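Next come two complexes built around subunit A: one with subunit B, the other with subunit C.
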Partner chain A sequence: MKLQEIIDSLSLKVENPSADLNREVKGAYVSDMLSDVMGNAKDGFLWITIQVHINTIAVASLKNLSGIILVNSRVPAEDTLKKAIEENIPIMTTPLPAFDLVGMLYSLGLRCR
Partner chain B sequence: MNSSEGVFFLTGKDFKNAGAASSNLKGILEGMGIPDATIRRVAIAAFEAEMNTIIYAVAGMMNYFITPEMIKIRIQDMGSGIPDIDQAMKEGYSTAPDYIREMGFGSGMGLPNIKRNADTLTINSIVGEGTTVEFIINLTPGD
Partner chain C sequence: MPVEFRADLHIHTCLSPCSELTMTPKRIVERAASLGINIMAVCDHNTVEHVELTSTIAKKKGIRVIAGIEINSSEEVHILGLFGELTDAFKMQAIVYEHLQPGENDEDAFGMQVLVNENEEVLGFNKRLLIGATDLSVNRIAELIHSFNGLAIASHIDREGFGIIGQLGFIPEGVKFDALEISYRTSREKAETLYGLYSHIPWITSSDAHRLEDIGRKTTGFLMGHSTFEELRLALRGAEGRKVIF
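After this line comes the complex of A and B, so read on.
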């Protein structure tokens, strides 16, 4: 499924629209612990989290994730957004809590394996 | 395939640049045509070791040695050291302070993630002096 389709379906706000939104999303992983994501997320996965600091971009980049969705109306820190633009990592935001958002992603067909 | 080696310097508590050494290393491996599956393993292990230095040490360095047979990474830090390495290897065990945990570190998965992704892992630590983590990921002939 293309990232842009997910953004449209769930009315996500894209914080850095210059990033490539046409990429293929192969699954999703939800966690606020960075090593958990390093160990368990896979190539092309979306990452759902409340973490907004800059180190999330390093994780997303190293893991070739397709993007980060910040839940509960969290917004990326200024330096996080700057790094996301540099590294071409899409950051999306939503007022929904993680539970609801993940339920919707699951309904769209995304899985974590 | 050519061989390559180099070093990155790491500064403790420099969270702004944390992950940069691992990202640079990943770029080097991609440029050398190392297989994606191998790069994924190196990236996980290198990031965890890099973050340990950022979180727990004053400073450190990451040396890498790439040969046709293997990728060897050595991270030496000037840090607090690990009193009990067996305990530190246990999944879920962490000594990270609260502010580090709030950033999503300190889940006690760092060293286990390195072990899981490396073919060999060696940890030497002296309390009050520092820790050296060295791991090897083998390259199969033909890669």
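After this line comes the complex of A and C, so read on.
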């Protein structure tokens, strides 16, 4: 599934529209501990979190994630957004809590395997 | 001539909700004295309200108390702030209180936050949600600590929960820590294998005691001229013949 389709289906706001939104999303992972994401997220996964720290971008690059969705109306920190633009990592935001958002992603067919 | 002082720079009192009620300043000082500890930092969660009393009691035993606070960042990373002046510690506390997540402490869920006097009589309870997180980022907390002439130390970096590496994956380059704390859980040898990447930052180890019997389970040696805060700063920098022994 393309990232853009997910953005449209769930009305996500893209914080850095210059990033590549045509990437293939291969699955999704939910966690607020970056070390956990480093250990368990897989190539092409979307990452759902409330973490807005700049280190998220490094983790997303390292794991070649297709994007980050910040839930609960969280917005990326200024330096995080700047780094996301530089590293071409799409950051999306939503007022939904993680539980609801993940349920919708699951309904769209995304899995964590 | 510099001499070696034993320091336990991370001790909680009964003001921290997760500490045992026996962690009164009086008993903490007695225990530290019996172990030959020369310097200790009182670092309760998000508060400094037991520092002054502990310091007063400790003076009689010849122990130096450093004003400390363990601040919980917005990323749920614990950071120790150590200060040379109590007034600076209170300035830091005021900002922490302003940014602490709202709500009252639930004693059944988190434990009591007891303020006592020199004779262990209860003076009252801190009602704030001291176990909670602030909305201040790691970077901002380090900046604030430094703005009050304090030392910023990343707590128990070997702990998955509330340690900076567990929460943030790695230590961000932009944050200027004066030291990293390795907890009692990890030996120096093991820490060198795991955290060699961060050997340019000084390391200390301390007890993070929440119970009397845990005080001094790990201590750091400081080779210094006197047991003062400014000497600690020099030792962490390795300046003027001062150094850290861990």
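As a convention for this text, the second predicted complex is superposed on the first by the 113 of 113 C-alpha atoms of A that agree within 3 Å, B and C clash if a C-alpha of one lies under 4 Å from a C-alpha of the other, contacts with A are read in each partner's own complex, and residues count from 1 in each chain.
One rule holds for everything that comes next: contacts are C-beta pairs under 8 Å (C-beta built on N, C-alpha and C of every residue); 3 or more make two chains touch, one makes a residue touch a chain.
Quantities reported herein were computed from a predicted structural model and do not represent experimental measurements.
Participant: Should the superposition on subunit A be reported as showing a clash between subunit B and subunit C, or a fit?
Facilitator: With subunit A as the common anchor, subunit B and subunit C collide in the superposed model.
Participant: According to the contact criterion defined above, which of subunit B and subunit C contacts more residues of subunit A?
Facilitator: In the superposed model, B touches more residues of subunit A.
Participant: Go through the superposed model and pick first if A:A77 touches only subunit B, second if only subunit C, both, or neither.
Facilitator: Second partner only.
Participant: Give one of first, second, both or neither to describe whether A:S61 is in contact with subunit B, with subunit C, with both, or with none.
Facilitator: first
Participant: Of the two partner chains, subunit B (first) and subunit C (second), which one does A:L34 touch, if any: first, second, both, or neither?
Facilitator: both
Participant: Identify the partner contact of A:D100: answer first if only subunit B is touched, second if only subunit C is, both if each is, neither if none is.
Facilitator: Neither partner.
Participant: In the overlay, answer first, second, both or neither for which of subunit B and subunit C A:D43 touches.
Facilitator: first
Participant: Considering only touches as defined above, state whether A:H53 meets subunit B (first), subunit C (second), both or neither.
Facilitator: It touches subunit B and subunit C both.
Participant: So, A:D20: does it touch subunit B (first), subunit C (second), both, or neither?
Facilitator: Neither partner.
Participant: Classify the contacts of A:E5 with the two partner chains as first (subunit B alone), second (subunit C alone), both, or neither.
Facilitator: A:E5: touches no partner chain.
Participant: Determine, for the stretches 38-46, 56-64, 110-118 or 182-190 of subunit C, which one clashes with subunit B when the structures are superposed.
Facilitator: That would be 182-190, the one stretch with clashes.
Participant: Kindly list the residues of subunit A that each of subunit B and subunit C touches, one partner per complex.
Facilitator: 32-35, 38, 51, 53-55, 58-59, 79
Participant: For subunit A, which residues are in contact with subunit B within the complex?
Facilitator: By the definition above, subunit A touches subunit B via 32-36, 38-39, 43, 49, 51, 53-59, 61-64, 79.
Participant: Residues of subunit A touching subunit C in their complex?
Facilitator: Result: residues 32-35, 37-38, 51-55, 58-59, 77, 79 of subunit A touch subunit C.
Participant: Would you tell me which residues of subunit C are touching subunit A in their complex?
Facilitator: So the residues of subunit C touching subunit A come out as 74-76, 137-138, 160-161, 165-170, 172, 174.
Participant: Which positions of subunit B touch subunit A when the two form their complex?
Facilitator: Residues 15-16, 18-20, 22-23, 26, 36, 40, 43-44, 47-48, 51, 103-105, 107, 109-110, 112-113, 116 of subunit B touch subunit A in their complex.
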